[in-house]
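Scrolling down, you'll hit the structures one after another.
Shared chain: chain A. Partners: chain B in the first complex, chain C in the second.
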Partner chain A sequence: MDKKLIVRGVTRMEFKKFITYLIPWFILLGIGLYAMYLVFRYGLNHTNMDNRFAFGLWIYFDLAIIALGAGAFFTGLLLYVFKRHEFKSVINSAVVIGFICYSGAIAALVVDVGQPLRAWFTLYRPNAHSMLAEVTFCLSLYLTVLAVEYVPIVMKNRKLKQLPSFLVFEFKLHKVMPLLAGVGALLSFFHQGSLGGMFGVLNGQPFAFRETVLVFPSTFFLFVLSAIAAGPSFILLTTWLVSKISGKRLVTKDVLMSLGKISGILLIIYVFFKSIDSLVWLNKTSPAVGFSAADHYGFAPFGIWILSLEIILLGLVPGLILINKKLRARTSWLLTGAVLACAGVALNRFVTTIQTLSLPTLPFADFLTYTPTWEETAIFLMVIAYGVILYSFSFRYLPLFPQERELHTK
Partner chain B sequence: MNNRNKVTQDNQKHPRYGMVVDLDKCTGCGTCSLACAVENNQQPATPDMTNRTGNTWMRMYKVHNGKPFPDSRAVFVPMFCQQCDDTPCLYVCPQNAVELDPMTGIVAQIPERCFGCRYCMAACPYESRYFNWWDPVWPEGMEKTLNPDVSPRMRGVVEKCNFCHGRWQRARAKAASEGRRELREDEYIPACVECCPTEALTFGNLDDPKSKIAKLVDDPNIFKILGRLGTKPKVYYRTTRSWVRNAVDRNIYSETKETVHG
Partner chain C sequence: MFPWVHEFRWELGHLIFTGGFAMVLVVVLTGITVAFRKVYEVYKKNTVDKILWEATFEDLPTISRSCRHAISGVFKERTCNNLFDCRECAVHAQLVRNKIPEKVFQKAGHDGDAEIFGLAIPLDRMYHRGHTWVKQDEDGNYLVGIDDFAKRLVGKPEEIVFPQIGNRLYANGRGWIMKRGKTDVRILSPVDGEVIETGDSEKGWYLKIKPAENNQNTNHLMKNGVEIKAWFMKELERLQFALATDQVGASLADGGVLTDDLPKSNPDADWDGVYGEIFLEP
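Moving on to the complex of A and B:
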């Protein structure tokens, strides 16, 4: 039965071996589910968050995976709207990764809020001024778009394809793909931006507060830019990783190089605007409310090095590596650039969430630290395990990389 | 249009309640915190709670001047919701669980609407919002101390000081029964103000020039903590000691900080 489900023309490992490889991930999933039960049953006192550290590992993780998952909408936009057909070979994988990132983020959010059953209030009676309301709307709608984009990939399964009605449905869905890609891009633009805006609007937190540009705080645009810069790099990395783990050639190298190039160009643009933003913030926005750079970077371990690391080593350097054609052509440099780009966006989200809450705003408050509990870590690992499991099954039974068959026969 | 908006549109003058905390009078006895907890049915602390996870709407900070004996000085700073007019927590709440009441100027938290995302807590510069990390439990017998005018909050929602909203409701009901629409100055005062043994807290209508608080606010020694953030708090602090002012107020730059001695 298992063999009949595997994509025609490609080979996959033995079923027993496949399941054995997944066992550790299922164990992680199980531990995470138990931690989730504890939090739902006894409350958020099972975390190390507190009245000042109101956001912790989960919110950081949400922001990071949503940024990395931006590869899904951005690749879709490039393929369906800008007609960059070389990305056809990674779009299916990108959609699955996007779906995993977004559904995983929502799962973590559901545990993170105190009364998850009331989350529908936001949709029913939203506060139009709230960035979080915008995030909620766009996230839930975009997850629906991703689910609809996932359906045709599932229907391409060898067995399911034999059902004529499914085939017709898949064909019809395919026709609306450009529209879905456009809607997805619009929704993603707003929620990536709103996630940045969420912190940029906090006029009570001078570390996070930024100047307004066209109604939104500057972080709105910086989050969009950094997400679309790192997204292709993340698709590149995951494709390479899957290829290594499975021992198969999945896409031709020029596709990975194109992803790297786009990432590089966008990173350079991002670094340019991020530098201007940081200068304006440190010299104008923040001093205007009585906070100097020393107030933000005077607390170990969060020195000015963290800003330099983010902008130079994890921004400018990968940008330069990825826009250089010679360097990009060498796999080791291409991967280094992509890893640094993803690490850069992850660090940016860390600074935005964790550093903001660590720093004291009240003149007599202390600098605080926070370490997640085992329950928080277990739920974080659970989301990763869920992603690995879903991706592994999708890779085994669905045509995630259309070029694979061709490369396999070669 | 709801009724509340209608009320703001008529020409009736509504009070704008605020408070002044005299740091020179405060001894840090904590009576205000206790009175607040009892009045507002705050959940009793359990051994698992820490000073960062417990619920204290009225929180007492001890601030030192950082000098060794004999120059060592300390001041107690009661910190609670500053009832900002430009309310950072209100703008961010996705569920409309925070409201700035135009009838009183008080920032209300509606726990029944709150779903515990804690975005408002991240937005509050005063760290004056508290999350219910635990299910509230009153030890046997202690439930008799519950105030019937205030609903206890459930686990997983945010709460904060509301200038004893239950007292305001009661005072309004009493005034209405006597055919009055407006409250007298002494008719509505929060529990902390009533209980403060040194009269360090003054409460009243900031817009009424005859009120005690309006006169106090004109004092040159009055300031707002983090006033430059632009959140327009309605809670003022007062001190005549320059080192205290420097230690608790961001309005003064670090250059002046070095020249001031306790």
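Moving on to the complex of A and C:
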């Protein structure tokens, strides 16, 4: 039965091996579900967050995977709107990764809000002046769009497509994909931006507060730019990783190089604006409220090194690697660039979430520290396990890489 | 944030927020509704086979979608984007009008062979890209069978599932199914018409089809020996790729001939994948 579900003309590991490989992930999923139960049953006191350190591991993780998941909407935009047909070979995988990232983020948020049964309040009675209201709306809608984009891929399963009506529906639904890709890009633009904007408007937190550009704080645009810069790198990395684990050639090298090039160009643009933003913030915005650079970077471990690391080693360096054709052509450099780019966006989200809350903002306040509880860590790992399991099943039974069949003989 | 919720105010901010949300929701729902509507129309107009072929064709690898004029040497390289339906292909029509294929065939210096690497290629019939042939019977109806290449690939099928007598078939639509091993091999119909009789391997043909009154055009079928030979060569190459394993790659010995029952001679091969590749059903 298992073989009848696998894409025609490609081979996958034996079913027993596949299940054995998934067991550890299912165990992690189980532990996470138990932790989830504890948080739902006994409340957020099972976490180390409090009224002052209200954002912890989960929000950091949400911001990071939502940024990395931007590869889905951006690849869709490049393929369906800008007609970059080479990305057809990775779009299915990108959609699945996007769906995993966004659904995983929402799963973590459901636990984080503490009262998940009242989550619909944010849609029904939102605060129109809150950036989070926009985030809630856009995330919910974009997850819906991703689910609709996922449906045709599921319907391409070998067994399902034998039902003529399924294949016909898949075909017709695929025809409206450019529309959905456009809507997805719009939603992504706003929620990525609003996530950044949410920190940029915190005028009680000088580390995060930024100047306004066209109504929005500068972090609005920087979050969008960094997400679309790192997104293609994340698709590149996952494709390479899946290829290595499965031992199959999944796409041609030029597709990975194109993803790297786009990532590189956008990273350079991002680094340029991020540098200007940092200079304006350190020399104007922050001093205006009585905070110097030393106030932001004088508390270990958050020294000035972290800003240099983010902008230079994890921003400028991968950008230069990825825009260089000769370096990009070498797999080791291409991967190095992509890893650094993804690490850069992850560090940016970490700094934005954690450093902002750690730093004292009043003369009598202390530098705060926070260590996640085992429940928080377990739920974080549960989302990763969920992603691995869903992607593994999708890779096994769905045509995620249409070029694979053609490439296995070349 | 909805007009019926008491916090709602008729202010610009609230209107933009509600309007934006509603607009996106409407666009997404409209997209899905349009897809459902199109499916309904497909079933109403009975064009399921056409859509199934379109969906299948999109998934074919580039090597399987070579234009017949690229295979025969008119073009150096060209991929078909017209569903293998030369009847409605502007490029094909222009080439035929200018007699370009004819010139290329004449240049080949022969009419094509009746045999290639042990495969019989009778030239009294027309060939379809799905490895079927069509021959006009004395009564004007079409006899449809599978070519020698397909015969050797499928070997002795355990069962054949024919369409019902009276069923309407469409060129490139579903024809009949041959069951070999654990695989159902879907054979494409080469022409439009109504099934009036079914045959078997003993008779040498599988379907007798009464041509459709409104579409007897056979421009999509290959008739010239030179072109057919070139296509068979290409198909042998595709077979090598399809049979190749991850470790070894394409490795059919040069000069070898296909046995009468390939699955029997090479039972370890991924026949399911090979059938999908060769019979254009990925």
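Here, the second predicted complex is superposed on the first by the 409 of 410 C-alpha atoms of A that agree within 3 Å, B and C clash if a C-alpha of one lies under 4 Å from a C-alpha of the other, contacts with A are read in each partner's own complex, and residues count from 1 in each chain.
Keep this in mind: a contact is a pair of C-beta atoms (placed from the backbone, for glycine too) under 8 Å apart; a residue touches a chain by one contact, two chains touch by 3 or more.
These figures come from a predicted structure and were not determined experimentally.
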{"item": "Room on chain A for both chain B and chain C (clash or fit)", "value": "fit"}
{"item": "Partner chain(s) touched by A:145 [first = chain B, second = chain C, both, neither]", "value": "second"}
{"item": "Contacts of A:291 with chain B and chain C, given as first, second, both or neither", "value": "first"}
{"item": "Partner chain(s) touched by A:126 [first = chain B, second = chain C, both, neither]", "value": "both"}
{"item": "Touching partner for A:38 - first (chain B), second (chain C), both, neither", "value": "neither"}
{"item": "Which of chain B and chain C A:306 touches, first, second, both or neither", "value": "neither"}
{"item": "Vertex chain A, arms to chain B and chain C (CA centres, degrees, nearest 10)", "value": "150"}
{"item": "First, second, both or neither for A:10, with chain B first and chain C second", "value": "second"}
{"item": "Lowest C-alpha to C-alpha distance for chain C against chain B (Å)", "value": "6"}
{"item": "Chain A residues contacted in one complex by chain B, in the other by chain C", "value": "125-126, 129, 133"}
{"item": "Footprint of chain A on chain C - complex, ascending", "value": "1-2, 5, 7, 13-14, 17, 20-21, 24-25, 27-28, 31-32, 34-36, 38-39, 42-43, 48, 51-52, 54-56, 58-59, 61-63, 182, 241-242, 244, 246, 249-250, 270, 272-274, 276-277, 281-282"}
{"item": "Complex interface listing, chain B residues touching chain A", "value": "48, 50, 52-53, 61, 63, 77, 79, 86, 88, 91-96, 113-119, 121-127, 129-135, 154-158, 225-226, 228-231, 247-251, 253-254"}
{"item": "Touch list for chain A against partner chain C, complex", "value": "3-4, 8-11, 123-126, 128-129, 133-134, 137, 141, 144-145, 148, 156, 161, 164-165, 167-173, 175-176, 179-180, 183, 186-187, 247-248, 399, 402-403, 405-406, 408-410"}
{"item": "Residues of chain A defined as touching chain B within the complex", "value": "42-45, 49-55, 112-116, 118-119, 121-122, 125-127, 129-133, 136, 198, 201-206, 288-292, 294, 356-357, 361-365, 368"}
